[in-house]
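Shared chain: chain A. Partners: chain B in the first complex, chain C in the second.
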Partner chain A sequence: MPTITFVRPDGERIAVEAGNTESVMLAAVGRQVAGILGECGGSMTCATCHVFVAPEWLDRLPPMSAAEDELLDATATERGHNSRLSCQIPLSEALDGLVVELPEMQI
Partner chain B sequence: MSDLASMDAAGRTAPVLDLDPFADAVLESPFEMHAALRAAGPVGWLSKYGVYVMGRHKDILPALKDWETFSSTGGSGLADIRKPDAWRPGSPIVEVDPPQHTKVRTALQRILSPAVIRQWRQDFEIEAERLADEVVAKGSFCGVTDFAETFVSTTFPTALGLADSPQRRDNLFLLGALNFDGQGPRNARYEATQRKADEIWDWYLDSMKREAMLPGGFGEKIFQAADAGEIDPEIAPLLVRSFLRGGLDTTSSMISAALWYLAQDPAQWQLLRDDPTRVRGALDEAMRLETPIQNVCRQTMRGVEIDGTTVPFDSKILIILASANRDPERWENPDRFDVMRQTMGHLALGNGVHMCIGQMIARLEGEVLLKALVSRVSALKLTGEPTRALNNNLRSLATLPLSITAG
Partner chain C sequence: MTKTADGDHADVLIVGAGQAGLQAALSLREEGFAGSIRLVGEEPMLPYQRPPLSKGFVQGTASADSLVLRPRSLLDELRVDIHCDARATAIDRARQELVLLDGRRLAYGHLVLATGSRARRWNGPGAELDGIMYLRSMTDAAALKERLGQACNVVVVGAGFIGLEFASVVAKAGLAVNVVEAADRPMARCVTPTMSALFRQWHEEAGIAMHFGARLAAIEGKAGQVAGVRLDDDRLLPADIVLIGIGGIANDELAAQAGLAVDSGVVVDELLLTEDPAISAIGDCASHPNVFAGARMRVESVQNAIDQGRTVAARLAGKPLPYRAVPWFWSDQGSLKLQMAGLVAQTDRLIEIGSRHERRFSLLAFRDGVFAGAETVNRPADNMLARRILAKPVPLGFAEAEAAGFDLKALAAAAPA
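Moving on, here comes the complex of A and B:
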């Protein structure tokens, strides 16, 4: 079971056991990590699952689709070079130790 | 037709169900029928209508995700729109499968981008505050006609870019009723709605034209997407149509259902007073329990085994989202309204590639309106029995008598 760490804007770190969920978004929502809403359930309509990926992890994630790239332009907190939609990051053992920062706002 | 259901290749049968999801009594209160459906198995055969039916969450969710097997091209209602007796052109968004669907959806998603929707927040808030002041001044009001419907019919058509007129509100609700009645059988309810709609048909046809779209709205952007070659020009008005017909009643149903549940449970209202960011969760919970669009339909593109029962190729399946949303196997205390519930996985907005693309507008409308009330009202009370507006597929209240204590 991969462990994922969410870092809140105030620096607080929340480590969660991701369990058998399908994506980083679902892992966060399932563990009630405030700051990831995932309102559209991963159907790429809401952009409320925005995260900033720790630089050392960026290249180890599956590449983003054109649709994800476009939706990242519509996030409530402006995207950075390391932005991803966490519903588009499938979970796997390889992600054990992943660190992502939460944005100030999701809506 | 019923021989289709009588046996599959392996000799397994879908149970024949003598149920009528479109009878008045069932529309008033469908929950007993849902329970019977879930108890009967993963899939049943509705002998009265000659279609299959599903009601369990664990079977419905994977079906909605599997568009290759469960196609939308047979139409969103009971009739198979590809067959000569029921032929009509399909909706270019909700009644197509990938790859065509992907192209249209991508263009529409761009138009309904969260960033674009956010630009409407301030306008919606101003209207929400005006309306909340109005009902607070009144003290008692109808949560449907004085509040939810007034708000949605003011904000949403304006965001679409449809000019206001004395008949706009009534006409749009009539078109919504027609849209959702039309997804059921050709019964007396549908016929009556169609007759009423016939009288406004010219207004309807004019409303989806480019000339009808005021600058700055979603409608104009749809036509601009056609100019840019992102979608075919002939489908632009049909996309405007899907907004006109599907965006109002659904949203106001969600809002009035939320008010109804909140008025019945002061502790839940207090939870929103304590932390108004809980309003969005409350709306999802209201969507789960009310399920404004009760059913969607799919057509099997191959013989498929659903949890041990085989459904033959080219069968229509009525998928009862409302039943999945209260399935006790999926939800703890399924009938209880709890604004703190983790509602992810409810199916009121569908799932898979067709999952509602208008949900962020619906949420924004509900959020600003409920927040405006939460900040002004210490207690919300039900002052009588609400009544329902019966429709073949849209579940909503007709009246909701409320009184408030300001504070």
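Moving on, here comes the complex of A and C:
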């Protein structure tokens, strides 16, 4: 069961045991992690699941699609080089220990 | 105030455990509401999202489990007392009690109606035939998916979002599909004629046969099974599945029988409150004054369900605010991701950005010189930016948009004039 750590803008760290959920977004909303809304349920329509991935993890994630890249251009908190939509990061054991930062705003 | 739903009383009782009802419960806790919350729903499973039912789920790329919105463990942790398989049959307003089918009576401090909508049925000739399907619930979708495995010819009645999404899945699977629509264009109530024309062309290119201005005379059968759809010009379209997608009807009977006003939906004010100060209504079932429409309306969308759930929760937690959320919607039809922000059906000027030939473009719609919304195809960022522009307190004028070269990113970032 991979454990994922969400770091809030104020530095607070929230560790979530992801269980058998299918994406990082679902792991977060399944524990009501404030700061991940996931309004569209992973349909790549809302960008309310934006995260900044810890640099050492960036290359270990599956690559992003053109649509994800485009949607990241319109996030409520300006994207960084390490931005991803957490609904597009499928969970696996390989992600055990993943650290992502939450943006200031999702809407 | 009690902390957990105590015996038969709950401080907030939500009937209908769907997208809106669940959101109300979650948002109540986010707002710091400490009272007891009970969520009652007639379906056997935990609240789930419906959009994938007509897309990935029927196609076989999304499992039933993946549609569940929140795990039970979270509901337990948040002390949301959920009852599945529990259908409400009446509201006793005098005693502030909800009556269930099994006779139980659940007392409430406040009642939230979140009963959603159901599919409009075909009641004409042939309505009893096996093979006439609807697509609203997980149960409907599972039955449809199973039948699709043995089908050759599919007829979809209604060229709305659900019908076209399903038709796209069917065409992709290589089956013959005919879409029958009474109006003269697809999605006529919700999108611009320009967008309708393009979708018609694209769907026809994908092998979907479309029939507009066409009315059903009867559904014909053989040995109790659907065999075809007879149109009023006497044409017969062969079918072993007929999906009826002719719109939704609000589940407003509980309210009506309790003497509350209904008008194709439970009538609420801008706070989403009915005339009974102890009863609110949200989501698909609520007929509410919509500031973007400038009229009372009922909206069937995830956005509306979520934002109304939040609005009612904030009020019950002591922060009353009128419902003013920007409408947005999406519909994935094959490889076409159609999105809307604002309400664009009644607009008088359209500006096109992007490339329709590459099927990546947006239509910016203006009404009376003011930005009213956007329709986008495979341009998800434009949808987000349009929503942000529409959420501003000052509307965006045409001249200002033109001066900025219709650059949505710049316009979204600009401070209100």
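In this text, the second predicted complex is superposed on the first by the 107 of 107 C-alpha atoms of A that agree within 3 Å, B and C clash if a C-alpha of one lies under 4 Å from a C-alpha of the other, contacts with A are read in each partner's own complex, and residues count from 1 in each chain.
Everything below uses one rule, namely that a contact is a pair of C-beta atoms (placed from the backbone, for glycine too) under 8 Å apart; a residue touches a chain by one contact, two chains touch by 3 or more.
Not measured: the values here are computed from a predicted model.
Undergrad: Clash or fit: chain B and chain C on chain A?
TA: clash
Undergrad: Check whether A:Arg31 is in contact with chain B, with chain C, with both or with neither, and answer first, second, both or neither.
TA: second
Undergrad: Thinking of the overlay built on chain A, is A:Ala15 touched by chain B (first), by chain C (second), by both, or by neither?
TA: Neither partner.
Undergrad: In the overlay, answer first, second, both or neither for which of chain B and chain C A:Met1 touches.
TA: A:Met1 contacts neither chain B nor chain C.
Undergrad: Of the partners chain B and chain C, which touch A:Ala94 in the superposed model: first, second, both, neither?
TA: Neither partner.
Undergrad: Pick from 94-102, 130-138 or 166-174: which stretch of chain B gets in the way of chain C?
TA: 94-102
Undergrad: Take the contacts of chain A with chain B and those with chain C, and give the residues found in both.
TA: Residues 26, 29-30, 32, 39-41, 43-47, 67, 70-71, 73-76 of chain A touch both chain B and chain C.
Undergrad: Which residues of chain A touch chain C in the complex?
TA: Answer in residue numbers: 19, 21-22, 26, 29-32, 34, 39-41, 43-47, 67, 70-71, 73-76.
Undergrad: Considering the complex alone, what residue numbers of chain C touch chain A?
TA: 26, 29-30, 49, 51-52, 66-67, 69-71, 73-74, 77-78, 302-303, 306, 330, 332, 337, 339, 378-385, 388, 409, 412
Undergrad: Taking the touch rule as given, give the residues of chain A at its contact with chain B in the complex, in rising order.
TA: Its residues touching chain B are 26, 29-30, 32, 37-41, 43-48, 67, 70-71, 73-76, 107.
Undergrad: Which stretch or stretches of chain B touch chain A in the complex?
TA: 106, 109-110, 112-116, 118, 280, 284, 342, 344-345, 349, 351-353, 355-357, 359-360, 363
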